[in-house]
Every structure is written in C-alpha cells, then in structure tokens.
Amino acid sequence: DKMTLLLDWYVNPDHGPVIVAQELGYFEEAGLEVEIIAPADPSAPPKMVAAGKADLAISYQPQIHLQVAEGLPLKRVGTLIASPLNCLMVKDDGPIKTVADLKGRKVGYSVAGVEEALMVAILKKHGLTMDDIEMINVNWSLSPSVMSGQVDAVIGAYRNVELNQMEIEGVKGRCFFIEEEGTPTYDELIYVANPELMDTDRIARFLEATERATQYIINHPEESFRIYSGTAKELQDELNERAWFDTLPRFALRPAALDHRRYQRFEAFLKDAGLIDTIKPVSDIAIDVTAQ
Amino acid sequence: MAETPASAPGSALAPAPALRLSGDFRHAGRPLFSGLDLPVEAGRWTCLLGPSGVGKSTILRLFADLDTGGTFDGEISASDGARVAGRVAFMAQTDLLAPWLDVMGNVTLGSRLRGERVDRARARDLIARVGLADHVEKAPARLSGGMRQRVALARVLMEDRPIVLLDEPFAALDARTRAEMQDLAFDTLKDRTVLLVTHDPAEAVRLGHRIFILAETGLSEVEAPALEPVRPVEARETMDMQVRLFRALRGEPA
Amino acid sequence: MAETPASAPGSALAPAPALRLSGDFRHAGRPLFSGLDLPVEAGRWTCLLGPSGVGKSTILRLFADLDTGGTFDGEISASDGARVAGRVAFMAQTDLLAPWLDVMGNVTLGSRLRGERVDRARARDLIARVGLADHVEKAPARLSGGMRQRVALARVLMEDRPIVLLDEPFAALDARTRAEMQDLAFDTLKDRTVLLVTHDPAEAVRLGHRIFILAETGLSEVEAPALEPVRPVEARETMDMQVRLFRALRGEPA
Amino acid sequence: MSAGGAFPVEVTRLQRLRDAGLAAVVALLLWQAVVWVTGVPPFILPGPWRVAESLLANAGLIAENAWVTIAEVMIGLLLGAALGAATALHLMMSPLARRLVLPIMVFSQAVPVFALAPILTLWFGYGMASKIAMALLIIYFPVVSTFYDGLRRTDPGLLDLARTMGAPPSRTLLFLRLPAALPAFGSGLRLAAVYAPIGAVIGEWVGASKGLGYLMLLANGRAKTDLMFASLFVLALFAVVLYAAVSAFTRRMTRWASETTDGT
Amino acid sequence: MSAGGAFPVEVTRLQRLRDAGLAAVVALLLWQAVVWVTGVPPFILPGPWRVAESLLANAGLIAENAWVTIAEVMIGLLLGAALGAATALHLMMSPLARRLVLPIMVFSQAVPVFALAPILTLWFGYGMASKIAMALLIIYFPVVSTFYDGLRRTDPGLLDLARTMGAPPSRTLLFLRLPAALPAFGSGLRLAAVYAPIGAVIGEWVGASKGLGYLMLLANGRAKTDLMFASLFVLALFAVVLYAAVSAFTRRMTRWASETTDGT
C-alpha cells in the first residue's frame, strides 16, 4: 500500500525512526510503500494532510491543539518524539544565569504559535511577566541571533540540534528545559492525519514499523547512525552525528500509545493562555489508532 | 528588378470624390479659423499655401480624421456621400519612418498593416523611382534628410487611395530632385483627389489645378493658369502666375 | 517685454575665423566624397547646395565634430589655428526640440546646459522676433512644423558663437516668413562665420557671400553677384545669378 | 488626447473610480469562484466572505499593525527611489562605475534577500530600520535598472545638440537625459510601488514584533488562516492604492510623453 | 556608435570579458573588506576564502543541485516572458482587460509569493511544476508592466499613420507598437533574468528535495554557513550569466534603438 509522509522540515536526526524504518525495509515488510517529502515551512504539512494531499504529516503537539480549535480536520495518530525538545537557550558565558535574569531583556522566538504562552508560564514561575521582557520574532535565525547577541535568549530552539550547532560554531550555549521551568510537558513531534480520510490499519502498520526502527536505533546507536547518514551525503557531518546521539533518548518507544492526560493538560494550558476558546475532549484531538 | 508599372491599374480604384471642408476650428477656446469653406476638386490637385501656423496641417488632419488637439465645428464631406477618412493616403510634415524597418519595410508598411499581400515588385520600382534603389535595405538612421522624405513619399505613393493628402512632401529636397519627385507624384496620382500643402509658390504654380491661400483673415483663391499641370517653369503664364502668387502671399492685392 | 537688442555686443566675441575642410569621407568603405576642399570665409556667409544625399549634412557634422557614422580622412582647420568644434552653434536638419520644455525652455537650453546665467530678456526678444511671442509657454507638441523650426532658429541665434552651422534652417517656412527669418538671421549673425546648407537657390542667392555646389562629381563654386547680401530679390544681378545657379544645379554648364 | 479642461478630467476621475470599484467586485467574484471551483479547503484559501468577517472582527488589531507596515513602506519607497535614481545617474556619469558596479549590482540582486536577513538584522537590529532596508533593497534594482535603461535611450540628436552647445556630461545628464528618462523612471517607480510592501513584509518575517508581516506569521502559527488572509488583503489593498498614487504622480511628472491605448 | 565591422566587435567582447573579470575581483575584495571591517562573525557572513573552500569541497553536491535550479529557472523564464508578453499585448487590445485586469494584477502581485505557497503546492504538488510556477509568478509582473508601458509609448505620429492606412488595432499592435516597445520589453526581460532564480529558490524553500534553494536551507539548518554561501554564490553567478545572456539577446533584438553613454 502506498503512503505519503510529509516531514515537518528537512531530514534531521529527529526523523531517525522514519529514515531507519525505510532503509531497513520495515515499511516494506509491513506492506507499505512510503514516500517521504521534506518541506521548508513547518506549518504547511498539516494543512496538506488536512487537504488530503498526503496521508501523514509530522507536526507538533502544541500546534494540533490550535489547528483542531480552528476546525482543521486533523488528529494526532502517533508520537515521534515524546518529550519537549524546545528549550530556552542562552549563551553559556552570558549574563543570564537563571530565568529571572531575563528581566528587561530581549527574547527571540520563531514560530508565532504557542511560544508566547510558554514564555508566560516560564516567567511566572520566576516572578516575572511578559511586560518585563521584549519578545521578538526572529524567524529564520534562532541561533545566530543569540550567538551575535542581538537577543539575550531564544525560545523554540531544539536542545538536541541548536545547542550542538552553537558549540560547533564556537559559541557555547545553555538550555533552560522548559518543562522544568513551569510549562506542562508535551510530545514535541507527532504524526497527524485527516480523521475523515485516514486508513487506521495502514497507520497502525506504519507506526509498528517505526516502533521496530526505534528499538533498532536504541539497541544499535552507531550502526543506525551509519544507516541514517548513509541516505544523503549532506547528512554526514559533525552536527548530525552529535545531534543523533542527543536525540536517541527522546524517541517515543511506543509511537502508537496515547497519553490522554498530556493532551488534557495542554488543552487546559492553552485555554488559560487565551489561545483557544473552548476545551475539546481529547478524542477530538488525538486517537489511539490501535484501539479501533 | 521586375519592371512593373509604379501605378496600379486605375480601374481597380473607385473614382475619386470631390471634398469640402467648412466650419470653425478652435484651440482651447481660441479660434484658429472660422467660416472656412475649402473645396477640393475630384481627381485634381488642389494646393494650399499660407503662413506658418495658420492651420494648414490642421486641415489635412481634419480630412484624415486625426487628432488635432482642438475642436472642429463644421462639416467634412465627400461628393459621393461616403466618409472621407478611411480612403485617404496621408503624408505628414515629418517623415514618420519606423526606425526598426529598412527602406523596403517602411515603403511596404501599409500593406502589412492592412494584412494585404505585399507587392514587393511595385515597392522596389517605386523605391527606384525616388532614387533609392541602392538603399533598399538601409535603416532610416542611415539616410539623409531628403532621402528619408523620399522614403515617406514612396510609402504614400504605394497606398492605392482615391484621396491623397500631402503635407509639404518635397520640402527637404533640392530643386532638381524636387522637380523629379513632383513629376513622379503627379504621374502616379493621376485621377486622384490630391490636397497638397506647400510653402513653395513655384510648386503650387507647377502642380495646382486650383490654388488657395489660407491667411489669418481667411481663405482666398488665386486663379491658376489655363495650362494643364505639370506646367513648365519657363512658360509665360507660369511666370506671371508666380509673381501674382508671391504678391498674394505678401498680402498685396493680386 | 524688455527692449534689449537681439544680438549681444559683438565686442564680447572673439573674431570669427575662416574654416577649411579638406579630405575624403567614406561610409563602410564606400566613398561619399574624396579630394574635397571647402573653404569657409571668415565673418561671411557661405552657402552649400547639392542634391539630396550628397553629403552636405555630413560636412556640417564634421565641422561640429559630431558622429557621422563613417570615417573621415582629412583635415578640418580654422584660420586662427584653434579647434573648430567647441565654438560652433549648430542647427540640425530636424528641429530637435526637447518635448518636455516649452518654447522659452528650448530657446534657453544652451545657457542652462553650460551652467551660464539665462538671459531671459534676450530669449524673449528673439522669440518675439521669430514671431512666437504668443507661444512662449507652449510645448513643442502644440506647435506647427514651421513654428518648431523657428524655435530651433531662435535657439541657435541665442548661442553666441563665432561659427554658425545651419542645415536647411528655413525649409519648413512659407516664403514670407522665410524672408523675414533670413533677414533676422543675417542681422543677428553679423560678423560670424556662417556655413548654410540649403536647397533653395533663391536663398543662396539672397544670402551667400560665396556659393558652392556639392555634386557626386565634386565641389564647384558659382560666382556670387557683386552686390552685398542680403540682396533684393528683384535686382537684375540677383535674377541673373538665380538662373545661373539653377543651371549649375541641373548640371548644365554655368 | 482630447481638448482637455476642467470638466473632462473630472469625468475621467469618476470613471477611474468606477472602474476600480468594478475591478474590486470582479476580483472578489473571481476569488470566490476559485474557492468554489477548485474546492480548496478554507484552511488553505478561505473565501472572501470568511476573510471579510475576520477583517471586521480583527479590525483594530489589523489597523494597528498596518500602520507600522505602511510607515516602513513609505520610507523604504522614498529612500529606494532616491538611492536608485542616484545610482542610475552615477552609472551614466562614470564609465568605471558602469563597468564595475553594474555586474556587482546584478550579482548582489540575485541573492534572495532572505539569505541576507541575518546580516541585515545584525547591522540594522530588529527595529524599523531593517524593514526599511529590506523594502529599499527589493525596489532598488528595478528602479536603477529601468531608469538607467531610460537614461541610455536619450534621442542622439539632442545629445549632439548638447555637445555642440558645449555642455559638460553632468549637465547633459541633468537637463537632457534625466528629463527624457522620466517616463522610464516612472515605470520603475510603479514596479517599486508594488514591491515595496513585499519588501517590508519580508523584513518583518525576518524579525519583528509589529506590522502586517508579523501579524501574518502570528496568524499562520496559530492556524488562523482567515486572519492571515485578512492581513494579506489589507497589504494588497495598500499596494494597489500606492500603485495608483504613484501612477498618478508619474503621469503628472511626464505629461509631455504621450501615452496612447487602442480600441477605447 | 562607431563605424562597426568585425574587428571592433571582437575588441569590445574581449573588453567586456576583461571588465567582468575585474568586476568579480572587485566584488570579492569588497566582500572580504566588509567581513574585515564590520567584524561580522563567520556564522553570519563567512569571507570569500572560506566560501571558496566549501565550494571546492562540495563541488559535486552543489553542481548536482544547481542543475535542477537552472532547469527550473530557464523554463520559468521562458514561460513567464511569453505569458507576460501575451498579457501586455492583451491589455493593449482590450479596454475591458485594461480596466479590470490591471488593478487585479497589481492586487495579486502585491501578495508575497510565500503566502501563496501552500496553494501552489496544493495545486502543483511538490515537484518541479511548483518551482517553475513560482519563478514564473515572480517575473510575470515586471515583464507585463515594463512591456505594457512600452506599448503605450509608441510615437503618436506612427499611430496616426497606421490609422490613415486603415490598419486594424491588432495589426497596429503587431507591426508598430510591438516593435517600438521591444526596448522596454528588453528592460523587463533583464529584470526577469535577475529575479527568476530567486523565484525558483523560493519555490524550493516551500518544499523540495533538490536544488540550490533546498541546499541553502539545508546548510542553514545545519549551521553550515559556508555551504549556504557557496550555494548562494553559485546562484548569483548563474543570475549574472543569465543577465548577460539576456542583455546580449535584447541588445541584438533592438539594435535600431540607439543606446548611448557619457564620459566614455
């Protein structure tokens, strides 16, 4: 059976299980022929899936809440990375030692979705409000804007990628892990599908294949990196290698499993932040395809 | 070079009508002429002289139904009742050659603009007769002023129209070439209704069946000699006429 | 209107030199003229006539050091040894008015191009003398052909240069206006070295201290009458001269 | 070209307004038709009706952000036009500039402004300056290119005249080439009017906390496609108005250059 | 304008090549100077030397991706020029089109292509078609706008002539307005040559797995600023070559329209 998967972005270590499943033939063994497409704009893939242009897309848990609230025919059907990767990143040798030091400083962010809400929660824990800082959308240049000192911190950087990137560039960075600083925890990367068009059986087989791949990766980290980086010459570099090993512990071991509490909690969090108007039942947002 | 006649068979052409323009003309409220009544005889040459800026070109443009930048209040009619515009060939005071076309291209522009078959043989013959046989493929920028004017002349002669409006068509030519071109035009435009604006009294005397002078004070006719045009310059009557015309142009009584 | 004289005080001007052009000229290898030797007398009017396309405008452009599209092999010299180009005023065969400037703007273009003070009073006087006092603020597009030529004439007369090159400056004017403009130019350009290209033998006879005919076969001079220009048209000598000139232009022996 | 005067102009203006209104209606119908015919889902392209609702609901928010963008665009347009014109004039003046600057300019133009975003923000910060710089950058080349083309196409006869008149190149440029090239400059300005808003929005995408571009990103991030298209609509509307204004201005500037159309 | 002939042309061509080389050297020096003077860190703007190293090290990778982009650009440029020219001609022909299409076109142009990206990919998919569409879209308006401006500026005298000759508007358009507007069309085409590569790259940013735009984003995401600038360099180089080719072509097309420069 043919399936189309839209990544959230260009191939990077976050996509390890998908790439490895493809390379090791796990999809084939599950009777699937998966076409993988990489876009540059992370907001496009869910829309394309909602529009029926692809079967699955990789997206983010915070986004699915907003998208469902706006009426997009989408549901989370699986999990790729089961913890936040997002972090509040500062220069290691900079003046920001704790979040409280941000008072009166600039914070950059990239996707203008939920970052502000996350910041509100983080600041609140440290006795600050949004009025104490200046938020700037720096879109395409998260780490450069910190490295060059144009902003004092950025939210939306990935702890597994941007930290390594900064170190390779010679400017060491440091992360405040947001789930430790006051935000609810959530799944960073999820698979979404259009509930009206999806074939749960195929998706279940797809998730099973990625589950096998994840196990392989955990068991054979070095070998799996060779498989992953062997797919394209541009993946064979220091950043990919370092990010790969930082990403390993983050992969969801049970991609199909659904934690209702996480989705309830985050839905409530967004409602409190004023980003959504009504609280929807989890079943409107996420499903366990194996349960059907 | 094919030796086809420069003038197409006259039978193919509808008989040329007489024309008349009567009325007032004003530029932004300021009258240029008023109560004008200019007759143009069928199948003959009518010459129009007059001081610079008096409105001669404006009259030609009115006949051709072109924009004049002013308002005309009056009537333009043909003796056969049909519209005048649409069957005129017009040669303006400037040569108006298309800079991207060579001599041949400019001379045959009319046929191409109408989507007709291009009669290259006839064009080549006309180009030869205006003395530009060696320049058929030259662009206008590489021609002298008089040569450009002759291209424009060949172009208007290519047009097979019953009514022909010529605005100082020989002004840029030396005396000898001018006489040759006058002969050529008179020959080619046989039986056409021709209205010729000119500054050269000798030209009017040589070519005009009828000769009018437009002045600020109005239109007046100077009687042409009994001789048929093209008139020899040396003839007594022509000489006499020229003196009379000069006087009239100076505003002295004829 | 201020009543300043149209010609600036002659004392301010360096004495006009005599000029000479001698040599060969070719277009892409094809000779236009060769072995030419044209003298232009100091402070007087030299007229150049000849058939269309023979190279008259080319000669003017050579004197003015303008691009001719061909190669000149010879010498252009002034009697005082200084360069000719740089002290000529040039009126081309087409009027070359800037469409975005009105009459006043076009006439005073030279001063502005040189960054000199604009003598508006003198310009206004010249404009009045070419008969365009009522049109000072009109754009060229709203002028008749002859009016445009008179603007170009006023413009060249505004230039205070010892050498003046005129390429058929009166061709678009009626007989009467033409005579007036000839008088004006002759008056204004007193003591200047003037080279006038013309197609009108009467004009040459009226204005030329010396008269040359350029033909495909070479340059020849037609002796001018003893009378000083501007010569009356009716004088015996003028009439005689005109006949001789006509003959010469037709290629008959003078 | 008719006789002119006060009355006909009035009619023309009215007519133009009517045409603009008609065009707007046709555009909306077309938009609605595309939505219906292609069945594109509203979260990818909402219909005009939904966008209008969102426009009304968020009028205050949009207006507030629109002002910022409009200010950026106007300043960028003025600076870009001035700088572009100056460059074109300089290219005409100096053979060296012509031989060196022109290829470098093409080279630099061919770099997508996005790629330069981090550099621009590094130099200009995240304030208004970087957006103005972006708007300026995006219109600079069209202005230079069209104006320079116009400057080179002056009637050679007029240039000959200037030569005989003893004009230095700088004054020939100022008094002949420049006015003769104004219609071409007008072409460039009209292009600039259309592109300057895009430049400002891209500038905002690179980093901003205000403006229509920022609002678009925000709406996109919050999956509010209606709001995004409402912002887009306001942006495009502003561009149309700017284009009309620049057109009127350039037409006034070059009234002597006849413009004609057929089949009226 | 000199006498012309085979020899002088040869010299000019040689001279042009030399100038281009000189310009390249100056550009590189300028670049290095900016890096030194502003002290911009290499992760924001690497110097030419580092970029050259990366260019050599990744020559195969870059070449492979460059071909894809070049193909997209060429097709987009051809289609865009053809479509733009056809539109401009149509605008001249039909008063209705003039009154309705022109404002709509301005309106649609003022929408940043990015915003339309999801729509384009929905309709054209993630293949080459959407990139070509993007390149086409970005050059369409400059071509239409400049060409249309040129078409409207035909010598009114020639139009009068055509009228008396009994030419229908369509033939006047074809035989007078069109050739007279070729220099303006050339201006538009040269702009298009500079912008088509940007269009293709933007198309690739929206979604692609090949091409210089893809490579750039990839390099950017991987903190390989050197590789990103190497890709950018190749893209800009291609644009310069394309511009030179289009310039030569348009100059040949409009040889009759005199171009002059001062101070040579």
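Here the chain labels run A, B, C, D and E in written order, and each chain numbers its own residues starting at 1.
The working rule: a contact is a pair of C-beta atoms (placed from the backbone, for glycine too) under 8 Å apart; a residue touches a chain by one contact, two chains touch by 3 or more.
Bear in mind that the values here come from a model prediction, so they are computed numbers and not experimental data.
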item: Any chain that touches subunit D and subunit B; value: C, E
item: Copy pair subunit B, subunit C: interface residue numbering same or different (half cut); value: same
item: Inter-chain centre distance, subunit A versus subunit E - centres from mean C-alpha coordinates, in Å; value: 38
item: Centre distance in Å when subunit C and subunit E are each reduced to the mean of their C-alpha atoms; value: 49
item: Between subunit D and subunit E, centroid-to-centroid distance (C-alpha), Å; value: 17
item: Subunit B and subunit C, separation of their C-alpha mean positions in angstrom; value: 28
item: Residues of subunit E whose C-beta touches two or more other chains; value: 1, 44, 118, 122, 156, 172, 205, 257-258
item: Junction residues of subunit B - those touching two or more other chains; value: 27, 67, 69, 94, 141
item: Set of subunit A residues in contact with two or more other chains; value: 47, 51, 140, 144, 148
item: Interface residues, subunit D side, partner subunit A - complex; value: 40-44, 114, 117-118, 121-122, 125-126, 204-209, 214, 217-218, 220-225
item: Subunit E partner contacts - residues on subunit B that touch it in the complex; value: 61, 64-67, 85-86, 88-90, 92, 94, 96, 98-101, 109-110, 112-115, 139, 141, 159
item: For the subunit D and subunit E complex, residues of the former touching the latter; value: 1, 19-20, 22-24, 26-27, 30, 38, 40, 44-45, 92-95, 98-100, 102-104, 106-112, 114-115, 118-119, 122-123, 141-142, 145-146, 149, 152-154, 156, 159, 169, 172-173, 177, 183-184, 186-187, 190-191, 194, 197-198, 201-202, 205, 216, 228, 232, 235-240, 243, 257-264
item: Subunit D-touching residues of subunit A, taken from the complex the two chains share; value: 43, 47, 50-51, 63, 66-67, 69-72, 106, 108, 111-114, 134-141, 144-145, 148, 150-151, 275
item: Residues of subunit C that touch subunit B when the two form their complex; value: 27, 49-53, 56-57, 69, 93-94, 131, 141-147, 149-150, 167-168, 171-178, 199-201, 246, 249-251
